[in-house]
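We just call them A, B, C and D in the order they show up, numbering each chain from 1.
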């Protein structure tokens, strides 16, 4: 790789204890500088501090929403912080999500708007910024990549269900985007991947919701954010002759 | 069926010579009254007149966009015109679409907005109105349906490709919605279906674009709107023990 | 269509009260002569008699198994009975199946053999004979077809599950065959289709197994063979500009 | 892991320069003893020697065909060589394949037989032996596995095409088996995975066929067996909270 320091940009970290945070930690350990884009200033700051305390370079870029203009503006700040003379954005994760599980007739226009903004408007804006930067990168000779862009999907990425009309619409759309981009940008040595997370993830939030220590302690029945992050690290390492667009991830005992 | 006159509501008729128009004509021949919701006042009026001249009851409801409020307002007009004491909305087609075929980095925020509005905001609003009405209907004893809601999909509903990131995102989302609704509302004897139109459709617009009379005259290589409409009529007739959620439609000689 | 009498060939009729039998009856009503190929001489003879009593031309061709040589030999008999100077094979249904639902380690080599024979050896042999004949037919100008070949699939055609390793392997293979053939022979105006039957079918056999008259009488929760057959008749009628390769069929209330 | 030496069993090594061989080498480097099951005594012996010369424990078990009895008998030899007091079969790769690319009507009953034998009879027998052994293993505490069974798939695993009716039938069936087993045996902490190899693999055989050194030297346009093997090593390492059933693999520049 070039002498520029590699940067990972993550969009979407929830409360910081999930997939986005774990991915930031995992890439930080590999020497990446981290840019965190998300709503929720407190969680962002807290994760930023944690990463910095672990010795990593990390900066958070709070956004009010996943609107196009917010994402674009956040990227300008990312580029100002991680200047192209010293840094090179090499990896990006679009992990933003918004869960709506409701009977269809209870779904409000606001639900539809937030699902759309999170899964389409935001992802298109994020991908636009990331890919524009990747195109300027030299190819990393170890894996043939100018950069890797990963999207976090879910069961609802491939299957609509009774209470998931809005959630699945968003996740299907995100998957379509990732497949289209994988086909278009693979030719330019940019790797685009999509992970179908098929099961419950153990996060501080899900643990407090469930309040079921057995569930949390049994790794056979729920995903850990670290294990998901490990798969993203693996995808980033895949060499150019065998890239994966899509893989599924689920706990050993999951019924599916 | 009850003594109420059945109504078909179509959203999206393009220039009137495509799938939406052909479906209106086909259902009109079966005795349905027609409600046409679309942008493009001229095309709407022209199709309305044509249907009326053929002896059908048809009314057009122009909308400025597929925004939630436009759809909701159009439905209020539909209900005022086709009152529930005399009519019963029994079939609905969401045929609105918007084509964006561009390299990803050329896609504008406006492209994303219109794709989103057409495929998600509009379809959710349309389905909300239609299903709310269907739930009030009695079950048609001939086929077990309170109503049928059909969505027009495309190749891009199941496959993203190099220039279809926006188009496929919209069409994937629409497919997710249709599958979720089929699962949720089947139990209430409401039939939801999705057609994957996999090939070029011969419409006045596509004919003038191609300017290739051979293409138009060779029914083995392009779809006719009438044939698509025939499949929608078939879906509406399927009896309750064997409903189809999804079928694909393509010309005999199509390479796929 | 030409002046030759159209013939439907059905492979697989079970006990006669299921999809194969209903399809034979439905096409007979449309004026097709019927050729029945199946194991189980009694069921065959009984269905043959029933069809003849209803005024149809029907002949049964018992086979000992779905081995290649049995199918080939049965077709020679079909051709001797329905000579090409007077008849034209225009439709064919491969409806043979064999259910194996077992934990994987309980599956025997014999189970694998019968699954393979029914779903691959037999279907390849059947399709070979049918398509060789279809290629000689003139194109039916009403629908653009030299002939239609339909395969009966199941939920297990698209999803493997805990007790369906053998059954799904067979059904996936059959689906692959149908898709390959649809692509190869569409160009020759031969229509190949595949139906995913996603639910329990009410047949004399399933009724006696379940012994649950409520299930049988509730058309919202189980498929009727006649409804499946109606979809096959529809597929046969599709005109050349919009052919369906695959559709799913399930009862209105099915959970899926 | 226990103190028993881990064994990898590979079925199908072609001429030794492809995926099977590369996987054997990769696992040997990780300390696995290797059991090679394949047709083609010379290739087997040659790979066995190569592995032994590199310091690995490797034994070849030639089989005349992928018939059930051959596979069963080979496993008895494997177990006699790698006794359960000293060894533990922990990983298995079903990599056997047979390519048939022909217009459908040119496919012979022999083609169908060999496709069936390689993809169904052999894979069911192989999985039966492997899973019976895995069930006796203790769970490896580092990744939650009693063992991992991987199947090599292809583009034709998910898409039938004009000349792939037989090949796709086999590969679809193999995929169905892998999915069914993943669902059934995940609950028993046995990991079953399926890789969709979507592109040409650079092997001595494919290189001599193409005779195109540019193709071979351009890692952006063809897969290397080593890269595929690296993905299998990764799958074997996945910890229990996030297992992958299926991933696709293709060169960066592949058109798909």
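Note that a contact is a pair of C-beta atoms (placed from the backbone, for glycine too) under 8 Å apart; a residue touches a chain by one contact, two chains touch by 3 or more.
This one's a predicted model, so the numbers in the text were calculated from it and none came from an experiment.
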item: Partner chains shared by subunit A and subunit D (touch criterion as defined above); value: none
item: Distance-maximising chain from subunit C - centres being C-alpha averages; value: A
item: Euclidean distance of C-alpha centroids - subunit A vs subunit B, Å; value: 34
item: Centre distance in Å when subunit A and subunit C are each reduced to the mean of their C-alpha atoms; value: 46
item: Subunit B and subunit C, separation of their C-alpha mean positions in angstrom; value: 32
item: Residues of subunit A engaged with two or more neighbouring chains; value: 183
item: Complex contact set, residues of subunit C against subunit B; value: 144-145, 183, 186-187, 189, 191, 202, 219-220, 222-224, 227-228, 230-231, 234, 238-256
item: Residues of subunit B defined as touching subunit A within the complex; value: 68, 103-105, 107, 109, 112-113, 115-116, 120-121, 124-125, 127-128, 131-132, 156, 159-166, 168-185
